[in-house]
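As structure tokens, here come the structures.
Two complexes, one shared chain (subunit A), two partners (subunit B, subunit C).
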Partner chain A sequence: MALPQTKQDVTEARLSTLDMPQGASWANALRENALSRLRAAGLPDRRDEYWKYTRPETLVQAQGPEAALFEVDEEAELFGDVERLQIVFVDGVFDAEASDDLIGENVKIERLAEVSQTDIHWAKDLYGVLETRGQTPVARPLATLNTAMATDGVMIHATGKVSKAIHLVYHHKSTSSDAILHHLVKLEDGADLTIFESGPAAARFNKVMEVDIADTARFNHVRKQGRDHERVAVTHIFARLGRESAFKSFTLTANGVMTRNECVIELTGDDSVAHVAGAAVGDGDFHHDDTVFITHDAERCESRQVFKKVLRNGATGVFQGKILVKAGAQKTDGYQISQSLLLDGDSQFLAKPELEIYADDVICSHGSTSGAIDEEGLFYMRARGIPESTATDLLTLAFLAEAVQEVEDEGLREDINSRLSGWLERRRG
Partner chain B sequence: MLEIKNLHVDLEEEDKTILKGVNLTVEAGKVHAIMGPNGSGKSTLSYVLSGKDGYEVTGGQATLNGDDLLDMEPEERAAAGLFLAFQYPVEIPGVGNMTFLRTAMNAQRKARGEDELSAAEFLKLVREKAKTLKIDAEMLKRPVNVGFSGGEKKRNEVLQMAMLEPKMCILDETDSGLDVDAMKLVAEGVNALRDAGRGFLVITHYQRLLDHIKPDVVHIMANGRIIKSGGPELAVEVENNGYADILAEVA
Partner chain C sequence: MTVLDNTSVKDGVDRETVDAVREVSTYKYGWETDIEMEYAPKGLTHDIVRLISSNNDEPEWMTEWRLEAYERWLKLKEPDWAMVDYPEIDFQDQYYYARPKSMEVKPKSLDEVDPKLLATYEKLGIPLKEQMILAGVESGEAPAEGRKVAVDAVFDSVSVGTTFQAELKKAGVIFCSISEAIREHPDLVKKYLGSVVPVSDNFYATLNSAVFSDGSFVYVPPGVRCPMELSTYFRINAENTGQFERTLIIADKGSYVSYLEGCTAPQRDIAQLHAAVVEIVIEEDAEVKYSTVQNWYPGDENGKGGIYNFVTKRADCRGDRAKVMWTQVETGSAVTWKYPSCILRGDDSQGEFYSIAITNNMQQADTGTKMVHLGKRTKSRIVSKGISAGKAQNTYRGLVSMHPKAKESRNYTQCDSLLIGSGCGAHTVPYIEVKNNSSRVEHEATTSKVDDDQLFYCRQRGMDEETAVALVVNGFCKDVLQALPMEFAMEAQQLVAISLEGSVG
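Our next item is the complex of A and B:
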């Protein structure tokens, strides 16, 4: 089927601003392949069902909107207390000076920009593979664009327990930056790796992370998207899980005029576990979209989606979450919850929870709610002497707790809660 | 301590008058009880005094140690020393009982210009008070009232009262939903707090609670007014004869 002309035009306009990086023949071939897939699919527009609740214009247009830099206050680094190896990108450009040496125990860390120049590398069998698999049944053309055009990223190969977390730090220093990064993470049998991500990255950011998790390996991911108000971002995580493996991902988002976080997970080995969670707080010109697609294709796997949003002053939250249980994926345990707390009548939450089940012996539950602060609870707290603003904040944090609880590290959970209460306090009265 | 003069209250949502001129004075060191049939306005009185939304005061006044209660926010009334033990304590998922209690205590202390309690001081105090009310550490850790039995919820109310040390305590049907043993435990908790500087207003349907918390004065409330006041013997009379006789007598 030929692509509508308008879609072709938008796609070509976007491509005209980009130069495909050149490297080894395998890398060039994978990029060319992605480019032709992108031209076949076209970039998303408002008529696409998958973009019904989020307008893709700023993410697809040739030039991204400018984004003012955020005045960083004295706020301590979120992951400050955890031993970690930092890899710094400034507006999508690797900053060797600010980064630690890319050396760790049981792990090999390289950069896409370098790896793609070498003739032999494991990346050639993984780059774009999970992204391609993630294109069915729903197309994700912005991820395909990323595979074709990403200028850099990290290639992480974990072969055992990696003692230090790897922290990808994304600074935003140019008001007109447009960054495309593509990370590959490969965990061998029994490997155990934690990745942190933090920062706004660029005025416009398109990021893909492909995560291949072999049998019994564990992948843990905690991300904080920067507080810059005007930045726009589209991110994709594509993960494939082997037998008895685990994937955990949590995202904290405060501010950001446009964010679309997609997470596409395939449980392909028996007894594997995938949890993906997010807490987002938005004020005013804020649009946050969590789009999740989890496929159960093995027995006795567990998946959890826990997404909570606090919205005020006309902010918009979107959740599109799907659990697909394939025939034969018996004893699946799937759970999905998406909730919003609307702090005023101007904000809105749009949710599309979906279950599609082809196995007959499964437990799947889902729920989606949208509501205001509990007046009874508020009065009870005030009647005990807690001022209204403090009581409201406590109830708001309590609302977010189920998502924050998905972070395993207790100290990190406390830090996240103090971030959230700081955000709430700054918006009082 | 608590002085209520000619208090008139309407429901905001519907055009309905609930309190039609309540007069009541509770002195420090005394326990007053209010009894009365359903719909007489007893619970409304407790909500209006503690500052719940949905009620409109159309006349009269209420003061606590001379300060105008009706002019204050609910949290200011609490800091001024007013405490309402709820008939139905509210469940607050996600907020730990300890966090709740400590936040409340320190907010009140701060509002009164007192030093906040340290974590260690608070912990010592709460453990001591919880023990006498048979509230275990696990209950303290749970979210406020979530999954608590009726008895546990009421014990938790008394624990809050013991910790916050209010000057004026209003108990709204604290006996509802309690078995005899639970009622004894709650009553013991309340009795332990009786002292010369503290006033109590105990709202109840039944004389049973008043066997355990002995009142100095008993008021009968009907149709938005206090229609009769007397000693503890008035509660016994109600228990034996119901409200009909008293209602007929004043009519």
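Our next item is the complex of A and C:
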């Protein structure tokens, strides 16, 4: 079907502001391929069913909106206590001085900007591959745009246990920056890698991370999205899991007028495990969208989606989650929970938690709830002398706990909780 | 022979369940009545719309209404979002009007009704005494034992007859075919027709608005509790003919009515179209129960033939404390596309939706409900059980919407799916939109998780977990069955003599 003219126009307007980076022939071919796929699909508009609850205008328009810089307070770095290797991007541009040396045990770290200039590299068999697979059954054109136009990114190849976590730090210093980064992460059999991400990255940020996890490998991901409220961001994680491998991802979001985090996971090896979780708190014109698509295509795999949102003063929380169990993916254990706590009458929660199941011996469940703070719980605490504001905060943290619990590292969990209570306290005024 | 005979059954699914599903897969109503029919020419044009209108002796305003709908329909596109897959429908290769020749002049007594029509309804299992009444003959004796049920029997495009009309009239209740209502009660029809499902609502509703031929009309005046159950039995008989029925039910202030709908069709190789619209208006303090046992011909095990069932059903709770309850047992049709919905406009109004959908062989069902909460303290409850076997696809699709002004409203949704055999699919596509914080919305879809509070309660009283779960799930299934009126209970029980225990644990 021909693309509607309006979509063509929007897509071309966006493309006119970008230059496709040139490199080795394989990289150019992959980018050209992505470009033609993008032109066929068109950038999303509000009529798309997949964008029913989130208006994509600011993410697709030719020039992104400006975003004021956030006044950094004395808050300690979230991942400060963990031994890590930092790779710093400022408004999407690699900052060599601020970054550590890109050297680690059992891991090779390179940058897309360099790799795409070399003729032979493993990236040519992965760049855009998982992104392409993730385009069916639902198109994700912003990820395709990313594949075509990404200016840089980190290429991580892990061959064993990587002792230091790799920390991608995204600074935002220009009010009109528009960054597109594309990371590749390849884990060989038995590899074990942790990636942290933090920071707002840019006024507008489009990020793709493709993660290929071989048999028995483990991938752990913890992300904190920046508190610069005016920034807009669309991120995609595409992951493919081999036999007995594990994928874990947790995202903490506070503030942001537009965040769309998509996570597309394929369980292709038996006995693999994927957990995706998120805790989001926001108020006012905060708009946060978690869109998750998990495909079970092997036996005895487990998937878990835990998303909690606390919304105030007219904030909007969106959850679109799907578990697809293909024929033959027997003994699948799929779980999905999406909940929102609405702290006042103006906030809203919009959810579409889906199951699509073609195998009979499976346990799949999903739950979704929305409501105000539990009055009885509040009364109970107040009857025991706890002030209302403290009691509300405690109940709010308890509500978020199931999601935070998905973070494996205990110290990190505590840090995240203190961030969340800090946010609540500041809002209490 | 069904696919099930060759299917290895999953541990924990008991034989009874499998047998019950198999029972459903043998279609008992697949014969046809050999009767002389009159058809409108094939295809759909302005002239066909006019012809349908004139066959029903409709006034000019009704003809105009239909033509306007037809004009709109021409500009609409068939929806493709449902998880159903069927070959493209050629809307010009259908008959839009068919009636038995003997119905050209409406019979006034049993002697005048074509015996073949009588035999048809007898064979469909409608009790003889009802049938005599159906034909319009008052016998001296009391009608059928037990409760009375008034029946409007629709055969292809026309209503054959409506029973108990006189007795209902005494209570002030109007129960007749919609074509009769357009002639006899134009003010009511004008006021309410299209007010719940507007002409422009969706592709099939618009098509229906243009070409609907018959269906039932019910008006229950203020404060009246309808003295008997009302029922419509739809039978498709003619080949290549679409059935487009239209039902309009109005429950005025403080009234009550329970309405039943049944349907069957002959076994044919070519799929047939059925696109109905049901509108229900419920005023202050009134209550309507609407129950359906949908048993259209589902097609054979290879997916040949069957009815395409595209239905728009909606209830509008206009007044405060209005109440509607939809109960459906969906076992037939090759393709089902049906979402009985509730607009909860009045404060404290209530909507309930209980559904059991069973699909087997190549059947596809995409069904569910919409609960639109507009009024304060409105309540809704959705209980949906989907059972899928063979190569069938069963989808629950629903919307729960809490508008900003629907303060302190409440929704509870529970969707359970059971799959039998590895070739079938079960899907859940709920939309949840909450726009105020004093409302609570809970959605659960699972075959393994039951309400923790209920489990806790049972376990606290000494039951082991398995027993407790079985009890709670059984209770849920009975919720749906018990919601059905007695007249349907037998049929439904047979269709759903299915235990869900095996799927729990």
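The criterion applied here is as follows: the second predicted complex is superposed on the first by the 428 of 429 C-alpha atoms of A that agree within 3 Å, B and C clash if a C-alpha of one lies under 4 Å from a C-alpha of the other, contacts with A are read in each partner's own complex, and residues count from 1 in each chain.
As a convention for this text, a residue touches a chain if its C-beta (ideal position, glycine included) is under 8 Å from a C-beta of that chain, and two chains touch if they have at least 3 such contacts.
Values in this document were obtained by computation on a predicted structure and should not be read as measured data.
In this superposed model built on subunit A, subunit B and subunit C occupy separate space and fit side by side. By the document's definition of touching, of the two partners only subunit C reaches A:S340; subunit B does not.
With both structures placed on the common chain, the touch criterion links A:T390 to subunit B but leaves subunit C unconnected.
In the superposition on chain A, contact of A:S36 is made with neither subunit B nor subunit C.
Of the two partners subunit B and subunit C, more residues of subunit A are touched by C.
Taking the Cα centre of subunit A as vertex, the centres of subunit B and subunit C in the superposed model span 70°, given to the nearest 10. In the superposed model, A:S176 makes contact with neither subunit B nor subunit C. Touch criterion met: A:T369 reaches subunit C, while subunit B stays clear of it. Shared-chain residue A:F349: touches subunit C; no touch with subunit B. The superposed arrangement places subunit B and subunit C with a least CA-CA distance of 8 Å. Those residues of subunit C lying in contact with subunit A across their complex are 10-11, 81, 83, 404, 407, 417, 419-449. Those residues of subunit B that touch subunit A in the shared complex are 50-53, 73-75, 77-79, 84, 86, 89-95, 99-101, 103-105, 107-108, 111, 143-144, 160, 164. Here subunit A touches subunit C in the complex through residues 49, 327-328, 330, 340, 342-372, going by the rule given at the top.
Within the complex formed with subunit B, the subunit A residues making contact are 374-377, 379-388, 390, 394-395, 397-399, 401-402.
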